[in-house]
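In what follows, chain A forms one complex with chain B and a second complex with chain C.
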Partner chain A sequence: MDRQVDVVVVGGGSTGCGVVRDLARRGLDTVLVEKGNLTHGTTGRMHGLLHSGGRYAVSDQKSAEECIEENMVLRDIAAHCVEETGGLFVKRPEDSEEYFQEKLEGCRACDIPAEVIDGEEARRREPYLARDVEKAIALPDGAVDPFRLCVSNAADAREHGARIETHAPVTDVLVEDGEVVGVEIEHETGPGKRVHREPGTTEEIRARHVVNATGAWAGNIGEMAGVDVEVRPSKGVMTVMNTRQVDTVINRCRPKGDADIIVPHETACILGTTDEEVDDPEDYPEEDWEVDLMIETLSELVPALEDARTLRSFWGVRPLYEPPGTGTEDPTDITRDYFLLDHGDRDDLPGMTTIVGGKLTTYRMMAESISDHVCETLGHEATCDTADAPLPGSENPARMEELMDEFGLRSPVARRSGQRLGSRADDVLDEYDPNPIVCNCESVTRAEVQDAVDEAGSDLNAVRLRTRASMGNCQGGFCTHRIASELAQEYPEPVVRDAEDELYQERWKGQRHALWGEQLSQAMLNHMLHATTMNRDGDPANLDESVDFDAFDAGAGSPDASGSGSDEAGSTGTAAADGGRATGDASADGGRATGDATADGGR
Partner chain B sequence: MAITSDVLVVGGGLAAVTAAVSAAREGADVRLVSHKASTLRQASGLIDALGYVPATEPAKPLRDGPPTAGRNLDPDEWPDPEGPLADPFEAIDRLPESHPYRIAGSDALRDGLDLFDDLAGDAYRGGHTDRNALVPTFGGAVKPTARYPAAAEAGLASDDRPALIVGFRSLTEYDARAFAGRLEAAGVPFDAAGAEVEFAEAFRADAKITRVAKALDHDEEIDGVPAREALAKAVAPHLHDVVDGSGGVDRVERVGFPAFLGDDEGEAVRAELAERLGADVFEIPMGPPSLPGLRLEDRLFDALDAEGVRFETGNPVVGVESAADGRVETVAVDRKGRTAPYGADAFVLATGGLVGKGLDSDREGVREPVFDLFVDQPDDRYEWFVDDAFGDQPYARFGVRPDERMRPVDGDGAVQYENVFAAGGVVGGADAAREKSASGVSLATGIVAGRQAATEATQ
Partner chain C sequence: MTRHTDDDGSAEESSEDDRGNGRGRGEPAPGVPEAGRDEQPSIFVPDDGEVPESDAVGARDSEAAAGGDDAAARAATDGGVESATGGTDSTDLDPDAYDPVDVFPGGDLDLREGADSCYKCTSCDTSCPVAEVDDEFPGPKFQGPEQWRLKRKGDHDIDESITSCSNCMRCDDACPSSVPLSQMHNEARGQFVERQMEKLSVEYIRNRLLANYRTSARLASMFPRTASFAMNFGPARWAMEKVMGIPKERDFPEFATETFREWWKARGGAKVENPDKRVAYFHGCYSNYNTPEVGKAMVRVYEHFGYEVMVPPQKCSGTPMFANGMLDDARRHAETNVENLVEAIGEGADVIASCTSCSMSLRQEYPELFDLHGIEDLAEHTFEAMEYLRIHEDLEGELDAAGGPDEERELAYHAPCHARNQGLARQAVETFRDVDGVTVEDVGDSCSGISGTYGWKEEKYEKSMEIGEEMFEHMEDAEGDVGMTECPTCAMQMEHGTGYEIEHPLQLLEDSLGA
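Showing the complex of A and B:
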């Protein structure tokens, strides 16, 4: 109970996962606690852009330089999380030529490989680009899967002795004698995996140092410790399209503005974004004008978006921070740089460090810098190797190609599985025979789902994040129940039911922002399947009152068919029903002669 | 020269067939035009009438206005529906006034069910009583329904004989163990067990259920054993899996399978399995592609033939071509890119709802694309939904508003065209999914629309 660990890292986003991996590899005894799933906060709610740095090449060259450096690192250590799409900054006739040149010079100044191509060449690469796009700067933007990235970091940390606790919100920061000595957490369903219907527990984790890597929530943890951390959360919308209209990251080449990027991501394209300061990172309006703005403005770059199918929209909050007294008005002007706040120096409260700001592309560098700081504070000497050591799944990229032939799967499915699992594919796919597809839209097989269940318990949102199951066109309509059924191998029925309901409701949340055209039809079809056909909403298993089964038809051949049961049914409704029968029978005697006899006998 | 008939029915689902047959039986000359495969193949094949009066009080949002990141609802606070209802007729008065059952009347539902019984013949059961049956569906929940395929009869939940639910390891639609657990949680009056067996593995891992059905139809050999025998052998070891409340082991008296027990030869397949297993055999209605839905579709189109209704599929009706004096004269039918006028004295619109594309929408609004009929809807698309996926969704009730003769009316309640009638999913006001009323609404509105169209055309 009183065992003390070296470090508790609070926050399971990219920064926290990066820090716990780094510290664990340096030999420190480390625990990561996260209140939801890994990536629950901002990391899981971004467009998945792997920055080349081009975006900051004019306004924030320090960030730009860090981006290109880390961009190259992640291509190596996280190959199975990265898609090397390339990016374009495109210029429309109304966009400033002067800014285009500044952007180009900025890229060169920051060592970002950049090449100018004309409109024709740009459309040769991306045929759906608008005809009046004049020219573009091509540079090495990419797409990164933040879920896979975080999970791989956490997995590697665990292999190096760290403990990862999700669904474990911090309820208090322990301060003794003017020093932070640990945290109190609440395990929503007990420690370890999350399993529905398991009772919760609380736990005190004492540590030599606490790292607050909670991003937009850093203020809340600060408050528990009695220090001020003024994060300025800023929301942005991301709209998911049903297909990849573009295979390259498309940026609008203008100083700043909403709705200026399209990121191809797995089977979809993600349109982004807005930038509006909000008071509370958990509760801010998600508004239709934001969705409309994405579609309308980005249609100027890719006209096909105007009538394309939108699957859902989601919002994220950036953990923007600036030192007290800076006073920037517009959140788009706040620096994207990161800040390390040593509360010993800053607030005379040793034992805790907060990291805020920054971006996913530079998560590893941020983690390295805070890990250096923690090691120095604890007097621990070890070097960082995270820039060179590949993440689990990325050890042997060539192996992916071989998977195509190996498994009893049709090849596009094997390809998708291979891309998601990377070099772990052998181990995972070997486990199950037969290995049917569970999610058709994303070609996710049983083996992958079971692998994720092993990691995540009955938490199907965590399974979803690991596998992409339920993230395609049907948004779970055709697979929520199938994914949940996979839990039945290990968990009892009520757990399966609760997990299914939770995933279905989660999928609904994002679809509310895409309810028109094809997706409204899809939503109705899903509703008909789950409510009409499966009766998930009226299932007596979920109702408070018990059902009198005797009052229902037990079949024409059953002894009850004309027995006592019908009296009971009749007692509530006979009058109204009988009143209606006279005319009804009159018009359809022929068809019902035998049926009526039985039914009437029962009355 | 326009192609003409007394009554032109637009659509190809249950409502369209009901309207066409009932118009024909009134003596009208009827033609039916449908665009593509109906949504019947996506439906379970059960004929629901009314299973619940759903709660219309939404779980209260924390505040009005657009959804917010933090506007969560507590599932424990969601109100339960009234039901499952043993009697679908007596609850009709408690539905909202704008509900098609309230407008068409409970007699229309009764007549519609009678007509269905007539068309379906011995393939369907349930017509012997007014009461609903509780049928186990493929998620493991039981659901109230008015008519069910004969193949599902041995599975009724009010039957107290012990049951075995069979699942297949290569079929991901349900897990038989969770299925049985869910029945138990519902408090069914029988003991149940679930068994996942190997059988469909003989086919490719992702074989469609239609492939399995065909193998059973033809009793194809699987590794040298005929398919039906192979299936019975896979199930046989589990016939004593059911443990009753006192720990005793019961031999099961009925065995449930996913609805793939043959397509053309279903009855023979079930009979052979029943004999080999020494237990009744039933099918569990499934999601798309649904064999019971496909079988029903075949049966209904056979009925159209028998009733002398001419029909053509594959050609969408794209709009009104000519109208005068408040009546539609001809509609435009798109025949492979060229439009042709189809004339009639009366028209029945049975194109379905949002799923069947009888209703179309974009970010600006929802519309009915054939006759451009009035569809009542909130202006703001953020008022088309509520936060609980299974809540009182406004979008689920979208559709045209009919008068008591099933003629669509405009926002002021005035009839839009004297000779246009509507039936089925395109009619608004019902929350068919939560009420379990989809088929009943199609039957009730279909029979009224068909009769009224015939009256209009032949008067």
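Showing the complex of A and C:
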């Protein structure tokens, strides 16, 4: 049997990543297991708002206080994940003055620095704001990159001895003698970093304690252990705009409602959101009206949104939890607070603790409290330092000018690389010369892609999350193949192909919800290019039967080459080469192409 | 009657402090963007011909003094708004309206939104003549939509490579999706020069000199012979190359002994009066100082067709300034141009330019970059000289009737990039196709490579000649050994590369019509 570790943390969202970092820094032998990529769950599908607490200042002051506290901590320890955009709660003429005042008082009560500005001043700061916005409360909201945040937490944990296993779903919770003693996981492509087509394996990890940080999926793990965890998943839509119409977080100042916030995120603006309870966090309808609602309602605040280009939309599910018997009707009324469920106390099943609810903004605080709990349970004495120790990449700010000069990057490229890599920029960029741009829209260079490949294997979605490659205008149309070819040195061709397909499909998934106007043109152009230049609408390598390359190599006219059943003369070599396209087609261009085919084959 | 005949209306160079904040002139009240194209009434309303007292300042006084013109006879043409820059303080703004540009701090335009139209097809890159010969130049797609999209408020750094763009605007023409590429380049270049270029660097001064061609030209034309000689004289040339970075291979254009405006004044202004057919001639700097024969041809041809020609006071169209990122300079000149030309429009004139870059500037760059009262009107009423005649007159019929020029003419015609952008690339060839005794051969659609001031920079000279190579070859191959083009700087390049004499289509038209 495998050796026993101190703690297994299940779930690689912000909560799990925060917990594994904290425990590892406290000296415990810890393993993080995640069924997909890091941030595969809700964390990768959230809005990207670093809450100032303003949103909860009226309805949930405890959460608001936690938010402002952690907001300040993250600016410090995760500088390269945070953009200090500032935020506004804006009031339109039809919004209630009374609520505006309540909001303001709430902020003051929670120690959230808040300032009232008039409409003109608001428009001076954000010129696209509607002309009839009357006034606004300015407060320290920010934007946070959940991917970078989780990756940095996991990297720090690994530096402190933790083991991180992604693409490793927990398939069972091991219970022996009324106590949780570990988990069984399935390595989809073997342990370590993910490489397509590696055979899967299973592994039992025995641990002194299991932390269930699976968010909206916490009920499943609970079930495996035989306990009830009543998560009430609630979905929300987010719509990504191609450019930034605002550089400040814009909130609508009114009591809870759909479509009331715009968050500038990297090159884009993200509109959100809705709040609707769903039965299954994996399977819920994604409806077009939700997207329409975002654009329509939010253009009341920023009219330019109406005509602006939408790249894609995505949905996330909140892991809302309420103690049994609360019975809140409306999911928007369920508390945003987090809960720590000690299954020893609660269900008489020692060895496992579940943490659910909360927000990304407060992930570190949640991690601290559950780590305290675990240490106490295990009798391990150590103090928490995560509020002071900067995350890797955030030790000191990247130096733009030096990046430009030293690595010959053009200024917006250097700026973006610097922002993404933080203090790692030097090390990463130093590796490659020349260092061409692989993804033009987001200015991602080969060095950054290779750095991500080193960590993520052939998993190009993980590469995307680390670098933002393929997240711009073209949504991968012009760069997935380039990103994939960065794998070609290290991995065999079929792996590269699978990796490329997977990324391309993922990009397509979100674009389906933006197929009008410019993004529709983009999708059509992408399709045409991929079909006509890469043959991806009928790639012989994707066919089940193998391609008869010999027939092609031998050239037209050789006995091997005939046999694709064409009536016209001289066409057969081509037909074989394009992998069994319709015969009519093949013979139509076959006559001309025969000579070519021979010439090619001989080369 | 003589209209608008002053020496050149230049006495009121704006004061220095105005230069400092350039487009910030008439700073908007906080929160209210400067009134832009979305807010201004697009219809121009001329008033009844009274000159408001407050208007008769600066230019007018000096004009009146210099040109002996009667200021009071001139109509106030700015539709009742105080100044050409006015219109910023309208209080009742349409709440649903928004101005998509206009808004970065310090008056910078925010053109990020333009990136929405780009689907990365790369047509622009493949049509860029500079990218073709300069491996260091990242091309219009990066320069335009990509660089803009990556910008955030507070990011001011623009990549230096923007200074390699020649502003030929071929990318504009190539884009299937109407991305405002040249606007993006112009604005980025302006921001770069404003914020990042060493203001005292030799390159900056050289560029500013080149951009303000009009100023140099005005000085030179006071002593035309000395100037032409001195500028091209050995030691002076050497100094220019070494100190300023102006390539020794280039000869400075000759300055005419009599400028177009001097000729016009001496002639006593217009010979035809016709309130129903009026045009205001925007001659630009080059046909004023260097090739007044083009301006004269314009006047004669238009008078031949019965037009009353007006020559309002004017300054540089701004083309060389845009290309060098000197947006503040360009704006100051634009203020004068817009004010005077709008006034002429109020008197029933359309605006005619003989230089395709000037018409391009008034039509496209002005409204894209500046926010001046009447600027949209001006854009709508501006035409290139031959284009206008082809719209309003039976040019072919008239040419047919005139029977062609006295002697056989064979010309190698190059369509300037800026003509191409206005859809005028074929007009010269088409107009003269059936004229007896005239053969106009199109030398193809390549770029001449000079792009205004681009080829005047030492570090760009080789690139410029490399771009021009295709055109030179085609010119050599063509039958004629006289070149023809609408653009004065293309003409310089054509002459420089082949030694041919270069004409303007208006001159050929004048010849062919016997005007």
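Convention: the second predicted complex is superposed on the first by the 537 of 603 C-alpha atoms of A that agree within 3 Å, B and C clash if a C-alpha of one lies under 4 Å from a C-alpha of the other, contacts with A are read in each partner's own complex, and residues count from 1 in each chain.
Definition applied: contacts are C-beta pairs under 8 Å (C-beta built on N, C-alpha and C of every residue); 3 or more make two chains touch, one makes a residue touch a chain.
Because the structure is predicted, anything quoted here is derived from the model rather than measured.
**Student:** Quick one: classify A:Ala109 as touching chain B (first), chain C (second), both or neither.
**Tutor:** Neither chain B nor chain C is touched by A:Ala109.
**Student:** Kindly classify A:Phe478 by the partners it touches after superposition: chain B alone (first), chain C alone (second), both, or neither?
**Tutor:** Both partners, chain B and chain C.
**Student:** Is A:Arg244 touching anything from chain B or chain C once the two structures are fitted on A? First, second, both or neither.
**Tutor:** In the superposed model, A:Arg244 contacts chain C only, not chain B.
**Student:** Give the label of whichever partner, chain B or chain C, reaches more residues of chain A.
**Tutor:** So, of the two partners, B touches more residues of chain A.
**Student:** Quick one: is A:Glu286 in contact with chain B, with chain C, with both, or with neither? Answer first, second, both or neither.
**Tutor:** After superposition on chain A, A:Glu286 lies in contact with chain B alone.
**Student:** Quick check for you: in the superposed arrangement, does A:Glu120 touch first (chain B), second (chain C), both or neither?
**Tutor:** Touch status of A:Glu120: second partner only.
**Student:** Should A:Leu525 be classified as contacting the first partner (chain B), the second (chain C), both, or neither?
**Tutor:** Both partners, chain B and chain C.
**Student:** In the superposed arrangement, what residues of chain A touch both chain B and chain C?
**Tutor:** 410, 478, 521, 525
**Student:** Can you tell me which positions in chain B touch chain A when the two form their complex?
**Tutor:** 42-44, 46, 48, 51-52, 54, 65-71, 75, 80-81, 83-84, 86-87, 89-93, 105-107, 110-111, 114-115, 117-118, 125-134, 137-144, 153-154, 156-159, 169-175, 177-178, 180-182, 184-189, 201, 205-206, 285, 287-288, 353-355, 357, 360-363, 366, 380-382, 384-385, 387-390, 393, 395-396, 432-434, 436, 438
**Student:** Which residues of chain C touch chain A in the complex?
**Tutor:** Listed in rising order, the residues are 29-33, 93-100, 102-103, 110, 112-113, 115-121, 138, 141-142, 145-147, 149-155, 157-161, 177.
**Student:** Which positions of chain A touch chain C when the two form their complex?
**Tutor:** Per the touch definition, chain A meets chain C at residues 118-124, 127-128, 130-132, 242-245, 247, 264, 267, 303-304, 308-309, 400, 410-413, 415-416, 440-443, 472-474, 477-478, 518, 521-522, 525.
**Student:** If we count contacts the way the header does, which residues on chain A are in touch with chain B in the complex?
**Tutor:** For this pair, the touching residues of chain A are 235, 280, 282-288, 292, 295, 315, 408-410, 434-438, 446, 478, 481-482, 484-489, 492-494, 496-497, 501, 504-505, 507-509, 512-513, 515-517, 520-521, 523-525, 527-541, 543-558, 560-561, 565-566, 568-570, 572-577, 580-581, 583-584, 587-588, 590-592, 594-596, 598-599, 602.
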